[in-house]
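Next come two complexes built around chain A: one with chain B, the other with chain C.
And now, the complex of A and B:
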């Protein structure tokens, strides 16, 4: 235990100190004595963590005010080519035709394929080993199990996020074909999952996939079926999908100039809009939304505490200063308000205000927070006033005939300032938390207004597939709250304020 | 003591009345009216419904009936769920929230006291720093982040193991309760750890500790009998509000883990504008909060004789 450690004094400890020595510098007061606030600032500067938090907060303010000038992307603009995109600093995309009609490949009756415009592409074709072993058809009951896997499964045209076109050789005895898509290589025929597509006839030996393609690697599998049973044998192909953008999308989203000719553009590579923090489920840029959201979260987080602090201090000071029956009644009322279940009444207020169309819901939240949060501040202020009232300098002021207003504003408030400041730094993270919490459960800021809380609410829906949509707003909330908490601790130490928690 | 008890109780009742009135005023300030739904109702049916819910009476009379019913412990009938009494809804869903809350509070209190005591023992050494980091993170990260990450983790662990170790969501068995209650109590755990730590560090400089040391008591005895016991006192005062906060603040955990608690039900009622359910739940929770705070205060008085004497005098 640290407290029970023995301190061994030696005679050296009691020697006269040498005035010139380096290690006693701090004992000697140098220069003029500092005011209370200057000294507190010096002490805060010594606290590295508090200083770091202060810079973090300044950075966040810069982020929200200066950020939109640096990163000028409109937070409401939907980038429909890039929905729920993970963070990236610009990717190139292939411009493709808007017309996706593909006649496909129809097999002849003789079961040879009629090649329309099959390009030979160097795509690795992985055939299941079993296929080769059982390529000879058996004529017993397990006929369909013996249906061979389609051979020569390959990709037509360059696979891209607008379409993946597949074709394969027909299988003898097949009635139809099933196409599967997986994001990892299937291990067996039972591992294929749910079919993506079933062809109409045995002659359809092609498929064009346009279902929510992403620029990743897919494994397409094709299985023949005799109409009742699926074969156990499948052909699988690995397809690396290239990011693509249609010509009209490219012109619309200004990656191509409006006068660009269609013929020249198709097949070209263009650079898509960069999204350093990705996009959300509607294709809106996360970074610019976080900047705008910061404005709303910080506005509520900073303005609400300021206002309820001001109200609470006036209320508490009046009660404490005048005392007597007025104090009794005023504080009783404050006790009542404190007893209201906070979150329930925040929600209740939101309902009572009734948010109309086009409103963001920020003002009702602000008002509700002020109405519910002032009493704790009032209590604190009253306690301070009661304590200060007994101070000799107040009595001296009274003796000089100072008015009540003069006494409150000139003598009491400045002396309460340190306590107020420390409470403010703790009230801000609490308010940010409340906003985030309410918006997260859908009871706060109304969409499409972004706040960190409402962005987390949206991000929660896609957490399993696109975690960045929750992680970034949550990170911002956490960092802000953390910074204000540490700064509050630092301020408390620097100002030497004792607040009972 | 009896005088103090009576005073506390009277104040508690007054507070509940205030909560009920505030709820009534708040709900009647809502634009539109409770019978306005997307289905068009004929005037006769509407009149009948108004009669059934007592909405045709003047507002003061409605308030009177509301308060009288409240005194009888009757919160009325739900607007959106036909013939379901609000009392039944509370009786069905509150125990779920309460169980979750008790589990969370239980582990958070024990853990907070233990961790706080440990950090104070290892002051300014690595276990202290480690726990401070944990505490700061626990206070700074919103519960919905913990809850969603927790759920994702369950999913990943289940997928990795190949069988279901813990259910991802739902309610019914002990395995459903583990992760939600752990997450629900995390904030309180961090808060109590911090409180306990500062309380321990404060107590260590007290005169009675010096006296005990001067008497030659072993440091273990001082730690358990003198320091810990006295340091726990402030923790008990915040326990009342903490219990209330955790039982009402369980919305997020209940929403994410699909737990049929009263918090989730309240959010649902607000979305559907189910007036009676909103009013009933708010008043019920308010009363619960008042009860908890009063109990904690009384308990504090029982445990710490100094407070008792101070308050009586």
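And now, the complex of A and C:
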């Protein structure tokens, strides 16, 4: 269609090609042309990156709106058995009793241990295979004040992630005992790990550990103290902890049927709820939270740009179309709005909306974005209108006596559409990012509603220990933003007529 | 700050470079290196030659005037630089300080002050200094938040409320070194009170010289404790030096406590410890794993603070309904909160307003009077809820406002409560996260249904917790009012006989649990690191924690 070429056009040249034909070939060949939109679509199809992005976006929409029908786990459900669990597809666990009350072991005089008879102790049959009594006596004898290491440190009941029960023989002269836990074999008396407990008296010679137990091997150490200083001698025991779940938790999380009898169930092995993307710091399923979070992120990301672009286009078109003083005033107002700080207005809107603490800030966020983000689109639209107004075909239309209405809808809008579409694809990731940022700083959604931004914020706290809690939402934000950006790039290339030449 | 610490670690890498040949670049390096080194050496965690240690604090001390201070950080600093009539020894027992000996009965107390006690300018500490400090603290225009801790002294309350002149305070100096206090009513725990910072002496002439800015600068405080503040760069650093006039100076083993870092970030403080720049650092869950990997000796300390959920008992609030509170009490499990949700070692699940460590008549109060166990019972909870709905005439319970702090842990706990109430009772919880000041303002204004509150004891007696729910207590933010409870508080406050007092305390404990005035959550425990050569650091619930007055470098 280059004007420099001297070709005699016939009407055939302007015929639209058949729907069924291979349109890509026509792009390069001369001859019957494609409609503008079909041609753009062909160009987009040739841009594989853009196409991939398009599919990614479609996948995300499916993930958000169809996902919860497939993966039906309640995103607010807190599975305290599986806190900060890395991705897994099911772990088997032992069902244990809910009643952890263990009155422990009290020594009734200095050197003998008397088990206070309690129900839970009636099952205290120590399986010798499980009890590894490798009490180590530190060989440092020069420490004159050192109390002896407690002897016969052993585990009572089967150690599991709900409880580990320890007991030991009292030490002569001890005032209290300290219980430590480590994940490695201690090397010295200063390397015993986490101090869990200090007993109240010398007669307390037992301890039940429930603190965030994982199904790994722990090394428990017990040290006697004289009330002020710890002894250099310590007893250590290796404990292999088994994954467990309490009976009521098992029923609640539906790994046991509701009618299951407690007596039969205890001691059984069950399969724990699978979490393909792991769980967060309160045991909530990451996958279902990401699905729900996507809804908030994509809602803001799509609704806000649509609304403010629409407003911007109307505003800019009116200014550009009528021109003159009206244009001058309208564009000065747009400049004024551009100068308003977004964050401040976001907070002001939140206050003026009467959004109290603990209520979602999504609506004020939406309003703030619409009210403050339209001017750039208005400028763009005005520029387009000004440019189009001077086009020969507009003048021709005017000569034919076309109404303003006709000119706007027949000539201007269709010609602006490519610019609008490209702006939209760039506005969406920007809006998603803004939402993520605002939720990250706590201005957006409120718990328990997740959004990708707030999930990233929560995940950041456990980055060192449980990186998956940050990585997944961050990955979703990155992929979405990237996909929209690449699609925007592709659309721009596909819709820009000049590139064709 | 963090950067200089990192450079210090890397400085050993520079040595081969210096040896390998002195190019102009290398010379520049050496210059930089030596500059860095001199700066860093001053910030070493411990220095046995100079008998100095370095520590970090979380914030600039907000108020170093012993009259008006309220926060634990200021009290920690003041604990090192001022000394009251009595103090705490290395075993955290009350021990003589400025007072050599004393005599206390129903009517009052007499303190005999030691003649060797000196201010940091060498003048003796006299009985008049105590009288002046107490009168000033009670004068209404001082606006001392802790003035009420002086109320056991005769006429103190009337003076504080502006009904009497300050010179009517029931305390006289028989001579320069004999202080006679008369009581408003029998006060069995008075001795413990005198160790509190508001009871510290202040010398009239010095205070008058700086009246409005007393405590604002290092040179605007007169010291009588084991240390003096030698240098205070606001917002940046503090340095404590041994007080050469302190009466027990021979026992003070450290010459300098350097506080070159002020950072509220526990991660930064841990890194400073790791880099050998500070000798003492607290641990949180994030850095715990790294500390374990580095095989540090981890220590544990229960700091005496109780955290609890306080209900708003104001009559117009829905939480004024007892059955609703009972329903909430029956679904919350402090054991799960401590072990699974918080998951930081050291915390003890709460069972009562009165923490485990409090002393009773002969042994621990809770051993003598165990708190009633509250069983988790979801069916019972729903039963209570149904009753509450009926009494309130509501179809469903409207969302409750849960006021809490802005720390990561506070929001984690809040989300847990939110879920538990939703799951078992169908009650929605709106989480209102606020910074401390704002939270306090809202608590005072009563704009909450449930608030996550903490209480640190002021003196070593269960009543420091017990009177928190007395109807007249200003800190009773939920405005819990129960005349029976008030009666027992009065018994515990006005009786001298320990048996009767503790029995009254037990009654208070029973009422609070039965009436669900609060839901105890946990007694806070902390874990921390201490330089392996630094010994004798006292961790204590009262008198400022940690305390380095007995510390020494091995």
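Quick note on the criterion: the second predicted complex is superposed on the first by the 382 of 501 C-alpha atoms of A that agree within 3 Å, B and C clash if a C-alpha of one lies under 4 Å from a C-alpha of the other, contacts with A are read in each partner's own complex, and residues count from 1 in each chain.
What we mean here is this: contacts are C-beta pairs under 8 Å (C-beta built on N, C-alpha and C of every residue); 3 or more make two chains touch, one makes a residue touch a chain.
Keep in mind it's a predicted model, so treat the numbers as computed, not measured.
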item	value
Partner chain(s) touched by A:257 [first = chain B, second = chain C, both, neither]	neither
Which of chain B and chain C A:211 touches, first, second, both or neither	second
Chain B versus chain C as contact partner of A:464, first or second or both or neither	both
Partner chain(s) touched by A:343 [first = chain B, second = chain C, both, neither]	first
First, second, both or neither for A:281, with chain B first and chain C second	second
Chain B versus chain C as contact partner of A:392, first or second or both or neither	neither
Touched partner set for A:401, first chain B, second chain C, both or neither	neither
Which of chain B and chain C A:335 touches, first, second, both or neither	first
Which of chain B and chain C A:436 touches, first, second, both or neither	first
Where chain A meets both chain C and chain B, residue numbers	442, 464
Residues on chain C engaged by chain A in the complex (per definition of touch)	90-91, 285-290, 292, 295-300, 335-336, 338-341, 343, 345-346, 356, 364, 367, 399, 401-402, 408, 411-412, 414-416, 418-419, 422, 429-434, 527, 532
Chain A to chain C touching residues, read off their complex	76-78, 80, 83, 100, 178, 181-184, 187, 190-196, 198, 200, 210-212, 228, 281-282, 356-359, 442, 446-448, 461-462, 464-465
Chain A residues touching chain B - in the complex, by the definition given at the top	1-4, 335-336, 339-345, 347-352, 354, 429, 433, 436-437, 440-443, 456, 460, 463-464, 467, 470, 474, 477-479, 481-482, 485-486, 501
In the complex with chain A, residue positions of chain B that touch it	11, 14-15, 18-19, 22-23, 26-27, 29-32, 121, 123-124, 136-137, 139-145, 148, 151-152, 155, 195, 198, 204, 213, 219, 223, 234, 238, 244-245, 248-249, 251-252, 255-256, 266-267, 270-271, 273, 278, 281-282, 285-286, 289-290, 293
